[in-house]
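Shared between the two complexes below is chain A, which has chain B as its partner in the first and chain C in the second.
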Partner chain A sequence: MDHATQTVVEFILERFAGLVPEEITKDSLLKDELGIDSLRIVELLVGLEEKLNITFDESDLNPDALVTVGDVSNLLQKYERVR
Partner chain B sequence: MPRKWLDFKAEIFAHTLGITCVENHYMAVLIQQGFPYPCLFFQNFQTVDKTIHDFIHNKESYIAYRGMKRLHEIGSELGILETTHIRNLCFDEMIYIFNETILRNIPLLVRVDPFQLPRMVGVPWREDHYIMLIGKDHSNYVILDDYPRRMLSLSETELKNAFRSEVIQFGEIHPMDWDKYFQKVKEYVGECEPSGETELKLIFNENLTTDDLLFIRDAIGIHRMSRKRLQAWGQWMKENSNLMSENMLHLLKETSELTDKLYAMLEFFRLRKKLNLSSLEQITKTLLEKDNEWIRKTKEAIKQKKIVLKGDMKRWIMQHKRLWNSF
Partner chain C sequence: MSHFGDLPALTQPDGTTVSYRNLISLVEKHAESLKSEIIGGPKRIAIMYNHPFQQAISILSALAAGHQVVPLTIHYGRERCRFILSDSRPEMLLSDHDVRDWEFTIDESTTEVPSKDLAFLLYTSGTTGRPKGVMLSHQNIISNLIGIESYFSLSEQDRLLIIRPLTHASALTGELLYALTQGACIDFYSGALFPAKIVSHLQATSCTALCLTPTLIYQMMRSRPKVKLPNLRKIAISGERLHSNMALQLQNYLPHVQFFNVYGLTEASPRVCYLHPDFFVSKAGSVGVPLPNVEVKIVSNSGDICPNGVIGELFVRGPNVMIGYWGEPSPRNLMDGWLCTGDLAYMDEDHFIYIVGRKDDMIIRGGVNVYPAEIEQVLLTHPLVHEVIVQGEPDPWYGQKICITVAGEPGLSEQEVAHICRMYLEPYQRPDRIFVVEGGLEKNAVGKTVRKRITDSIHG
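Presenting the complex of A and B:
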């Protein structure tokens, strides 16, 4: 598992402990498998911002475009490269 | 004891577009029976202005919003599928009712405390939650849950611990009276007016704080759901009648996407505790323009055209489908 995905998975398990399954992969579906709906995806992104001291651009903040854990880690990688 | 339950899958809830669990289950039953369910979504032309007005002045909330009719109320008014709410039941009484209805291949909605259900994923919206009992798997009860979407096999003890004394029974499905339906569509759309932007202008000013964003977000959440429903309705109308054009559908898609964007933006600003008023104003202005244009175009189309059915819809009407699938 790459570093960005590892970060996202660990953060999901930490933030939504007890509410998500413990087996999470890059292909896990945020809504249908993990129960993370649009509002919780926003919560996830804001949490990642605070944890990693980054700021997502408004144009990237589209929960409907983030379907899997991999989509979130790809977004994160984009910002980690810029840093 | 046999393994036997009705043919439902949790994926059905991807199409139901309910605001409440009862709406989701009601639509799931119609979908499972092959009913042209998007026709029920027509009563969603409400403008964002009206929704925000309800949240500010009538203290409405997302999970209990009364500004739009429930889908099962619309279905009942159209004579498609009635429901009966029964309260103050003990567990054995509920099981008796279930055993009776399942013999007729009809599921039963059962009120539960969602926090008592095993293997929770996600957080339920409200405490008065309904799940659908769809059969038995040996001595366990098979249930369908809309949030989170899942099928579960519960032991009698687990079901008893979760049960909260109320059920909703389904009646039989009746064919739609399409003349009555299109008359209702004409009347409803005829009364709708584009947004006046009054409430939004009152809200989106320099006095807006991040604390205010919660109720605005929920109002936009209702609007978001209404536009997704109208997309489903519009697509169905385009495929089955002469009312909707590709251009109108595209406009509705743009409106829906802008609403999604605004919904997420409000939550971002709320959680970040940092507001970008000009972003909100810009997206809202564009959203209102497109939404109003779509409402005007649809009103004009309904006023000018005699709505004519075509294609699969005609064939569906001529068939008399069996009301419920068998096992």
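Presenting the complex of A and C:
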């Protein structure tokens, strides 16, 4: 698992109840499989910004494009490359 | 509104604004159309448009035509919308959503309306979670607009950003209708509720005022801590409890902004109390004092008025209190004109009110009402779950978080419970914390699960 995905997975495990590492993959659906609805996606992204000291550009904050764990880790990779 | 002439009134989906003059023409045109389509006295019209601009035009037109409005939003979900439509039995549904496969019928027969003064039927979830139609009259709304003007004082120079759907009494009365009476310009935010996007929208549109939940402003503060919003001058915070340690942080975040912490409920049109900005930090966490035309009292279980500092249930009386519930015009929570809010509160020595929780077990997470009984009922249908208690835990960011404690089949794990929750609960009902106990939940002498003791013993 790449570093960005590992970071996202660890953050999800830390913040959202009842999930185990084995059930979270890059293809896991945030809402339908992990129960991370629109309110919790905002919490996830705000939390990642704080934890990693990055600021997502609003053009990247498209809920339709953030469907899987992989979508979030790809977003993270984009910002880690820029740093 | 006609004296506001060419001042900008509402912002359309394409970003352009409609003037007050043109807004009135548009509303009158739509109202005439409704009058020709619906013959006879006042009728109920359900309204559900995707963009709040269309929703607002339709609501104003229906009111202008003398009808009663049942606002809906697709964000309720299909089942809740179907329930509301079946329960309210509107004569017409105005919508840009395709609802042909929703399997409900519109009652086209003449139905007696309980009150000719009825303006809105706003659905709110009652103590069991089942939506109840709150009947608000024109007089209810007008009295609340007068009360809001006493403290919020928008003017023609203001541009108000409305974020919440126009199904919320707070957005409908406290924002849309109030702003229109003041000649302010109304901007609608209809995108995803990412705090960064809201901040950008505020910057791009130079809005001067908005109303939002504590959760959203906290997220804005965390996501964009160094933002400058020089045009913003007023923020009303409502929908959930504002934790006292947040007030100073918010004031430091936007030091030039006047923060109002306000309290209300749909059954009161909705506004009951407000905390003036001068006290936002010094009386942090308080919801302030009642509106000038509203009375409140704090009542103990025995029916006595509570002394200062003692917690009791908040009662409200005034011209803003609802007619009743649809199908239940004499509800149990309305006695001699006093509305029993179900909120627990106390008054300090300066008569400032502090809300401390709910008399029932309702949880408010991020401004969303969550009913433990609903969640418990669903989970108990699963063969692995024997007992369950759902409770709210204080949370500085969300007001409350959802915590569930489960006793079930031997070996039941937290992960299995989480999986069950994901399978059977709506996203907003899913818990933030899960505890699994062996051997069953603690009971009192008559065999009833003791909620408070569960909290103390499990969570420390």
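As a working rule, the second predicted complex is superposed on the first by the 79 of 83 C-alpha atoms of A that agree within 3 Å, B and C clash if a C-alpha of one lies under 4 Å from a C-alpha of the other, contacts with A are read in each partner's own complex, and residues count from 1 in each chain.
Going forward, a residue touches a chain if its C-beta (ideal position, glycine included) is under 8 Å from a C-beta of that chain, and two chains touch if they have at least 3 such contacts.
From a predicted model like this one, the values you see are computed outputs, not experimental measurements.
Student: Taking chain A as the common reference for superposition, should the pair chain B and chain C be classed as clashing or as fitting?
Tutor: Aligned through their shared chain, the two binders clash on chain A.
Student: Using the touch definition from the top, say if A:62 reaches chain B (first), chain C (second), both or neither.
Tutor: Touch partners of A:62: chain B and chain C.
Student: Just name the clashing stretch of chain C against chain B, choosing from 110-118, 146-154, 290-298 or 416-424.
Tutor: 416-424
Student: By the touch definition above, which chain A residues appear in both interfaces, chain B in one complex and chain C in the other?
Tutor: In chain A, residues 18-20, 34-35, 37-40, 42-43, 45-46, 49, 58, 61-63 are touched by chain B and also by chain C.
Student: Which of the residues in chain A come into contact with chain B in the complex?
Tutor: 18-21, 32, 34-40, 42-43, 45-46, 49, 58, 61-64
Student: Touching chain A in the complex: which residues of chain C?
Tutor: Where chain C meets chain A, its residues are 192-197, 200, 219, 222-224, 366, 368, 414-415, 417-419, 421-422, 427-428, 430-434.
Student: Can you check the complex and tell me which residues of chain B touch chain A?
Tutor: 14, 120-123, 148-149, 260-261, 263-265, 267-268, 271-272, 276, 279
Student: Under the touch definition given earlier, write down the residues of chain A that touch chain C in their complex.
Tutor: 16-20, 23, 31, 33-35, 37-40, 42-43, 45-46, 49-50, 55-56, 58, 61-63
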